[in-house]
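Here's a structure for you.
We call the chains A, B, C and D, going by the order they appear; numbering starts again at 1 in every chain.
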Amino acid sequence: MSIEPPTDRSAYDFSHRIRVRFAETDAMGIVHHSRYLPYLEEARVEYLRHIGHPYHEIRAEGVDMAVLEAGVQYRQPLKFDDVVDVHVAMGPITRATFQMVYLLTVDGVVHSTGITVHGAVTPEGRPTRLPAWLRSFSNEAPGT
Amino acid sequence: MSIEPPTDRSAYDFSHRIRVRFAETDAMGIVHHSRYLPYLEEARVEYLRHIGHPYHEIRAEGVDMAVLEAGVQYRQPLKFDDVVDVHVAMGPITRATFQMVYLLTVDGVVHSTGITVHGAVTPEGRPTRLPAWLRSFSNEAPGT
Amino acid sequence: MSIEPPTDRSAYDFSHRIRVRFAETDAMGIVHHSRYLPYLEEARVEYLRHIGHPYHEIRAEGVDMAVLEAGVQYRQPLKFDDVVDVHVAMGPITRATFQMVYLLTVDGVVHSTGITVHGAVTPEGRPTRLPAWLRSFSNEAPGT
Amino acid sequence: MSIEPPTDRSAYDFSHRIRVRFAETDAMGIVHHSRYLPYLEEARVEYLRHIGHPYHEIRAEGVDMAVLEAGVQYRQPLKFDDVVDVHVAMGPITRATFQMVYLLTVDGVVHSTGITVHGAVTPEGRPTRLPAWLRSFSNEAPGT
């Protein structure tokens, strides 16, 4: 994890809206810290669909995206029924890995940031090269 | 689901102990109702191991145990750090399905009952016959 | 659980759409059976909002809706990225409890049915009477 | 997160054993990456009990331990039924925060490392000072 996720929404290309489920809260009355990672994942899946590479197509090409690292910073708690905007942007890309950064806001207020590092693997779980479209992503994305 | 799980512990062959995780609680301060099903599953897996049929061996024989139905009755809430005894017994068995019943107690006090109905399926998800040891289970189990 | 959920969509008043998260799948490649209950809950919360009684308002009146029983029938598996319509209808209502029934479809095809039984409790967890609007619900709902 | 979790088991004071549930796997056939955080939490709770400060007592003193940051590195996947040893050690402690580091091994082989940063908060969620026993922890712990 070589970068710090920006807390300025304008640094992100895409956002996806999620409403907090009661099942995601814990006895402290807030969303349990482990429940943020599925939010990041859901936003990541929607982002890939948005840029024309739905996850099913990536898998159909024989590539899975293993999560190598994940980190979350919890700044303001999320509560049941909160409407969360998960902002997503692509981070640094290498031959075999890429990073994504996330900003979670509620009504424009920063609640959390996150980062995930991914590697391409074969269906058997062996590391492989990233798909070409992803390796060249830095050239495609406006302003990145 | 053709039977009612008994609330008398002596009706069960086996029990497995689970301590409630904080991550399993919700904003009502109790274990979320969806979190009981993984408890039943964990106890079921231990029960199958106990009777000499660990799940890995069952799968190695090309059979998966799909869950066809599940029901839970919530009588007393479970709380963080509670030590729960999940009592398990085999219920009615047909050519292609079997039922299991569960009783959850804390310090001997009944908190919940549950029932699951399972069917044998191939790795592709198609229904198949139960393994022979399971079909003949009613003969093996003392007092069932 | 005194009723059987209908499998005909026209029997339901309301439906809510949920897309399956990858985090909800299991090693059989399908949605884990415990993950349906949060789908039912999310649809229930949206249904209550739809009929003018958002859950926050119910709680603000000092009433929590404890889950007393839940049951799910799994007919066709759900898979990652499936778009699921969760159809919801109110079932039988007593002085202190109410039931809700659910039908899960994907592209109009029945995948699952469910039922939950709820009781009104105080914030301390003691049973209390249902709110008046809920006790009189059978009169309000067209066609129920 | 100011430190790197060691991958040498001897650097950890305590370990707690967890068996992977089927419910924690995903459609890639491995434990979903979000499911590691509850493992760390379960081990943290057992560690606090082990050093004489069970979580219930900490909360009874009016202090909750909010998670401020969490990070996990996934080196080797975990699979259903794996028996995981979660090694735990206290990391740097400040007036208001403390860090914990984790090493996950299966049969002695490193599978994952993790780190969590915690802050003491009041039941209302406001930051407060760490309990005295925790602030002085660095003096108590042999070899830290």
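The working rule: a contact is a pair of C-beta atoms (placed from the backbone, for glycine too) under 8 Å apart; a residue touches a chain by one contact, two chains touch by 3 or more.
All values reported here derive from a predicted model rather than from experimental measurement.
The chain with its CA mean position farthest from that of chain B is A.
For the pairs C-D and B-C, the count of C-beta pairs in contact is higher at B-C.
Chain C has its Cα centroid 29 Å from the Cα centroid of chain A. Mean C-alpha positions place chain C and chain D at a centre distance of 35 Å. Put simply, the C-alpha centre of chain B and that of chain C have 23 angstrom between them. Multi-chain contact residues, meaning those touching two or more other chains, occur in chain A at positions 22-23, 30, 34, 37-38, 41, 80. Residues 1, 28, 30, 33-35, 37-38, 41, 64, 66-74, 77, 125 of chain D are the ones that touch chain A when the two sit in their complex.
Taken in their complex, chain B has these residues touching chain D: 19, 21-24, 37-38, 41-42, 45, 54-56, 80-81. Residues 22-23, 25-27, 29-30, 32, 34, 79-80 of chain B touch chain A in their complex.
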